[in-house]
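Multiple structures are listed underneath, in structure tokens.
Shared between the two complexes below is subunit A, which has subunit B as its partner in the first and subunit C in the second.
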Partner chain A sequence: METPWMLRVDGLGRRYGRGCARCLDTTGPGADTNSCAECGSIVACAALSFDLLPGETLGIVGESGSGKTTALRCLYMDEPATWGQAYLSSFDGGSRDYLQATLPERRELRSALMGLAYQQPAMGLNLQITAGGNIAERLLNVRVRRVSEIRDRAKYLLGRTEVPQDRMDDIPAHFSGGMQQRVQLAKVLANSPSVLLLDELTTGLDVSVQAGVLDLVRELQEQTGVAMVVVSHDLGVIRLLAGRTLVMKNGRVVESGLTDQVLEDPHHPYTQLLVASMT
Partner chain B sequence: MDNVSLEIQGLSKRFILHIRDGLQVDALHDFSLRTRRGEFTGLVGHSGSGKSTLLKCLFRTYLPDSGTAAYTDESGQRTDLAAADEHTILRLRASGLGYVSQTLRVIPRVTVERTVGRPLAGRGLDRDEVLRKARFLLERLNLPQNLWDSYPALLSGGEQQRVNVAKALISEPNLLLLDEPTSALDSNNQAAVVELLEERLDGGATMIGAFHDAPSLQRLASSVIRLERGRVTQFEDRREAVLAGSSNVE
Partner chain C sequence: MTSIAELTGSNVSAGRGAYNFAFLDEATKREVRRAILKGVALPGHQIPFGSREMPVARGWGTGGIQVTLSILGPDDCVKVIDQGADEGVNAWNIRRLITDTSGVATTVDSGEATIIQTRHRIPEAPLAEGQVLVLQVPMPEPLRMVEPSERKTREMHGQADYGRAWVHLYEDIVSRGEISHTTGYPVMVAGRYLLSPTPIPRWDIPKLNMADCIFLFGAGREKRIYVIPPHTRVEPIDFEDYPFYVEKFPDQRCAKCGAVDVYMNELVLESGEHVYTCSDSGYCDNRTAEAK
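So, the complex of A and B:
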């Protein structure tokens, strides 16, 4: 049976350290800290729950220590979650917690069903092989074998992300930041994932380059209908891409709602402060 | 025949500014209105009177504190705009519920005609069809052709306002909320906007609009509401005035 959501996250959390019974009580926005007063463990995020519908973009905004990046890394299984479950409609019809998937299943999840684009392209790319090679690697992960098919698909994706044809056989280590991000986007979209996670995609890029990359992301979403979670500290990026937004502080969600409503009619004191500081 | 498309009851909105030590601002108090398909309700009042607040509450950019706003679409489906969940509101905004703000929110690197066409993305129309519709509206709004593939950030205020109107009209909204959409336009261009709105109203759309310019309001509004400090101080139902007038003539 089909689920109405593409991704369902239920009580996701991540703790570093041995943990104790008081970790959750002594951390969070009320305590203004991520660090447990009793045992010193760090609660990077906790109690994160949301539904992501097909084709939807959810924004997660917050400052350092908010837990937004940790949440993404847990969802992509770069790190093990301490608490919670996550379900993907495209994985066993959403009936199983994919965070508990077997190793071979994990590979499919991370290569084909989901994609994560990192703030540092170097984390998402193999800088030792060509741009085309990076995409080929992704396709090979899902057992696409014919060389011509791989090359055609790589060409197509790089074309879509506006990476010039003549750079396909170049090594991304020499590309500009913006170009590297485009190759990363082509790579994460290679197997047409159902969910795309974007972690501070344009942070660190020049403003004019940012505009180009954001425009590309919007267009790609319009064309592919991929569901996205966009993490950013930049309210402008969130406003441009996300229909709904979560605001995080000290690892917890303090406010959630339609993006324009969160930005123009913030209710939580922290959100009001954030909006007042940035717009 | 009950043609009521929007029934607002007791809508109120208050802001609590935590960064100002919990200062409370009552922006809208106990607003009610019933309006039908094909009707335009005008809003007048000084700035800060609550006009924008009302419009933003209906579009859900503001979250009302109390009251209801029952919207009935063409298929008879009823939704309380004040209380509906976010996904429902997003769906409505994608088709049926429109909003024209005073200023255009410019998206970098998107041309004028693509900006106007954006609301039609994901509807399965091909690019040329979308461009055709966008250009048609831009032409009706007297926007010179040489600006169509230019960038909105480079346009004048009046040009940007017309792009904004075109963008809101392209998806043929059923309920359209307008917040001073003609404030920077000369009378010629104001008339062009009014004409397009009249056509939409003839098509059965419902509109609520804050307009400064009296001529536009004269042409469009079947009732006018005056707001002062978040409350209704005057309500003029022009339908009745028109009916009274015609009975006098007879």
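So, the complex of A and C:
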């Protein structure tokens, strides 16, 4: 049966530390802390649930330390989730929690079905191999074995992300931050993933480059229909990209809804503060 | 002057009698043979073993020596080659260690030998069923060039996660226009494990595929043993549009025996003239003798 969603997340959470039975009760926005009063463990995020629809963009906003990035890293299996399940419609028809998949399955899933663009390009790229080689890595992971095919695809993607094609055989260590970020975007798009996770994509880029990258993401989504989760503490980015938004504080979702609604009529005091501080 | 024998209170003179047959103690030989058997069961998989101190510096063939000594029996006939030649200093010393401690026969004829220990070459003449080729391995890990961590490379082997080995080839092609591995060209064994075939030239790589003999690899410094059993599929990794190829010696023939279509050494004579000779000296000697 085909699921209406691309990605379903159910009760996802991540705890650092030994943990105890009271961790969830003593942390969160109510307690205004992430660290458990009982055992001192850090609950980075907890009880995160959402459905991501085809072609949809879900925004996650929140201040530093609200658990946004940890949630993405758990969804991309960079680290294990302490609680919860996640399902991808493109993995076994969405019938199996992919966080529990076997290691080879996870590797396949990470290279072929999902992409995570990290806040720091150095985490998503090997800066010492060429831009083309970085893109090649994802294609080679799914057993493309023709150099000409790899180069054509890399050229196309770098063209799409507006990286000068004559820099394709240079190493990203010699690129500007904005260019590195665009190479990273080209890399995660290499196998046309069905779900794209973008972590603070424009933070640290200068404003003109930011606009270019955001335009690009929007355009790519219109063309490919990829579903995206966009994490940012910049409400401007969220307003531009996301149809629906979750607001996180102290590792929990405090408010969710259509982006316009959340931004125009914020209910939770923290969201009100966020919106007020934007202008 | 006091002799070492007097100092140690030993009456046994140096030489064969002072050691167990084939130098190593029997428990060590069993351990090595056990690793070899495991390697046969998992073709291409690196099996750890407790590499012993040998009377040869590590990195000078200690892995191969331990493998050879562990499988050696009194009726074996051993050939040792270094850079294709039986006369190299390293080959001489290893051969002397083997014969001094075991008394087995040696040969330079690869057809006669039951065990051939080598590092840089596989003999030109095809080896037969029952023959054993022992290769000395300096760097057993084919993924080391892309991943410095041993823990990670083991995981990568476990999951057959070899994409990055291909990225390395891709980068090579981009920067040099071709795959530049000259020796130790990485191969896939039985479609499962990526393996480093030691510093043999590309020329010898096809000989590993579906061979009648068995190949035992010993890395003494890195403490690994691995095996390519007979009749096993061995494929060099490459791209469809940049296929693997072997070295070519166009229009060259051996200056000694006239052979063509063999792996050759280039020599520069004092006159400045360049001549080519067979790299496999045993093969060359055989041909020369036959011609006479």
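Note that the second predicted complex is superposed on the first by the 279 of 279 C-alpha atoms of A that agree within 3 Å, B and C clash if a C-alpha of one lies under 4 Å from a C-alpha of the other, contacts with A are read in each partner's own complex, and residues count from 1 in each chain.
To be clear about the criterion, a residue touches a chain if its C-beta (ideal position, glycine included) is under 8 Å from a C-beta of that chain, and two chains touch if they have at least 3 such contacts.
Keep in mind the model is a prediction, meaning the values are calculated, not measured.
Chemist: Considering only the touch criterion stated at the top, classify A:55 as touching first (subunit B), second (subunit C), both, or neither.
Modeler: The first partner, subunit B, only.
Chemist: I want to verify the contact counts: of subunit B and subunit C, which reaches more residues of subunit A?
Modeler: Result: the larger residue contact count on subunit A belongs to B.
Chemist: Touch check for A:177: first (subunit B), second (subunit C), both, or neither?
Modeler: So A:177 meets neither subunit B nor subunit C here.
Chemist: Looking at A:260, would you say it contacts subunit B, subunit C, both, or neither? Reply first, second, both or neither.
Modeler: After superposing on A, A:260 lies in contact with subunit B but is clear of subunit C.
Chemist: Does the superposition put A:211 against subunit B (first), subunit C (second), both, or neither?
Modeler: first
Chemist: Pick one for A:243: touches subunit B only (first), subunit C only (second), both, or neither.
Modeler: In the superposition, A:243 touches subunit B alone.
Chemist: Applying the touch criterion given at the start, work out whether A:148 contacts subunit B, subunit C, both or neither, answering first, second, both or neither.
Modeler: second
Chemist: Thinking of the overlay built on chain A, is A:137 touched by subunit B (first), by subunit C (second), by both, or by neither?
Modeler: In the superposed model, A:137 contacts subunit C only, not subunit B.
Chemist: Is A:272 in contact with subunit B, with subunit C, with both, or with neither (first, second, both, neither)?
Modeler: first
Chemist: Need the overlap of the two footprints on subunit A, from subunit B and from subunit C, as residue ranges.
Modeler: The overlap between the subunit B and subunit C interfaces on subunit A is empty, containing no residue.
Chemist: Please name which positions on subunit C make contact with subunit A in the complex.
Modeler: Its residues touching subunit A are 155, 158-161, 163-164, 166-167, 170-171, 173-175, 239-242.
Chemist: Which part of subunit B faces subunit A closely enough to touch in the complex?
Modeler: The touching residues are 15-19, 56, 60-63, 86-87, 89-90, 107-110, 121-122.
Chemist: For subunit A, which residues are in contact with subunit C within the complex?
Modeler: 103-104, 107, 111, 129-130, 132-133, 136-137, 140-141, 145-148, 150, 169
Chemist: For the complex, give me every residue of subunit A touching subunit B.
Modeler: 53, 55-56, 211-212, 214-215, 222, 225, 240, 243-244, 257-258, 260-261, 264-265, 267-269, 272-273, 276
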